[in-house]
């Protein structure tokens, strides 16, 4: 279970990525590599908007890592 | 464990998809890509009805991401 | 952790499948596709009886989805 | 997290397999298929003794299913 | 979540392996097979020292099984 | 769920790696092998800075093992 304390660095970092509309890459446990901008997060999911403006609801338990898109 | 607070964006978003009978795609951690309409959700599962009107009970822990079907 | 509240739709649905002795398919996170009838469920497992009358104890955390066998 | 209530059918069933020294197969999420007799269980693990009398400590979170060895 | 009650057989067994400096094999959910001696355990991890005296911090959630190295 | 008690050896060990700016390798459940220096940890994630000074936010649930880079 995710600890969704907004004082945690991991939660704040994602919050900063949302505010700055940063382009990110999400690697999933399925091996999928998703790219887009995060528009919100909650305890269960991150909401990503891809280059085609389509929203993707990504479950936290399926995320391996996140980095800025080069 | 899923946080099933109906005020959470991720729970409300799925609830909207149910009300609007939207066609969605679910990518699972198995690599399976399921398509259909969500007819209900609870703390453990999402219930999907596929194009052949067959119901599929999908466990949340197995979901990687969800998006609208193009 | 599974929420094993018998009022939950996902728990009741499996309970109905047990009562009606429905033939089901279980897709596991291993990629295995098991077929049979569910004879009981508890918080940790589903007990499946396959076509050879052999019992298979399936852990919930390993289940991706369940559907009726065509 | 496993619910290790000894009144649960899944816990009692494994306890019966221990008492009767039944030969079982364990399919793991890694795809491994282990065979042997269970000599004890606790909240985290099942202890299996294989045909070479070697003990294998198997974590519950890694178990997909268990069945009697034919 | 691991139950780290030192009275549990699974915790005591690993404690014995540490005291006796036993050579073990750890199979991970990634498919990796690590070999070495366990030098400590806590609620999250097992610390393994391999043949080159290098320490490997292994997360419990990634362990499938453990056995003595032949 | 990770136990993030700073008295735990696994948490302290990572804290030492941060202080000493040690080069580490992280093997993920996806099979990815990430290399870099850890700059912080919290209950959900480890933050890694790779050789190109890019930050990678790694979810704990996706980590299999960690070792020093040779």
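We call the chains A, B, C, D, E and F, going by the order they appear; numbering starts again at 1 in every chain.
Keep in mind that, in the parts below, a residue touches a chain if its C-beta (ideal position, glycine included) is under 8 Å from a C-beta of that chain, and two chains touch if they have at least 3 such contacts.
Because the structure is a prediction, the values reported are computed rather than measured.
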Study note, to complete from the structure: Joint neighbours (chain C and chain F) are none
Study note, to complete from the structure: Touching both chain B and chain D we find C
Check your understanding: For chain D and chain E, what is the smallest step count along a path of chains that touch one another?
Key -> 1
Exercise for review: Farthest from chain F by Cα centre, which chain is it? Let me know.
Suggested key: C
**Study point:** Classification of the chain B:chain C interface as same or different, half of numbers criterion
**Key:** different
Exercise for review: Would you kindly give the rotation angle relating chain C to chain E, two copies of one sequence, based on a CA superposition and rounded to a multiple of 5 degrees?
Suggested key: 120
Study note, to complete from the structure: The distance between the C-alpha centres of chain E and chain F, rounded to whole Å, is 19
Point to revise | Whole-Å separation of chain centres (CA-atom averages), chain D against chain F | key: 32
Check your understanding: Just curious, how far off is chain D from chain A if you go by their C-alpha centres, in Å?
Key -> 37
Check your understanding: Which residues of chain A are in contact with two or more other chains?
Key -> 1, 28-29, 31, 61
Review point. If each chain is a node and each touching pair an edge, is that a line, ring, star, complete or other?
Key: ring
Practice item. From chain D, heading first to chain E, list each chain in turn around the ring. Key: D, E, F, A, B, C
Check your understanding: Which bits of chain F are touching chain E when the two form their complex?
Key -> 1-3, 5, 8-11, 13-14, 27-29, 31, 60-61, 63-68, 70
Exercise for review: Could you please specify the touching residues of chain D with respect to chain E in the complex?
Suggested key: 1, 4, 28-30, 32, 34, 40, 42-45, 47, 54-59, 61-62
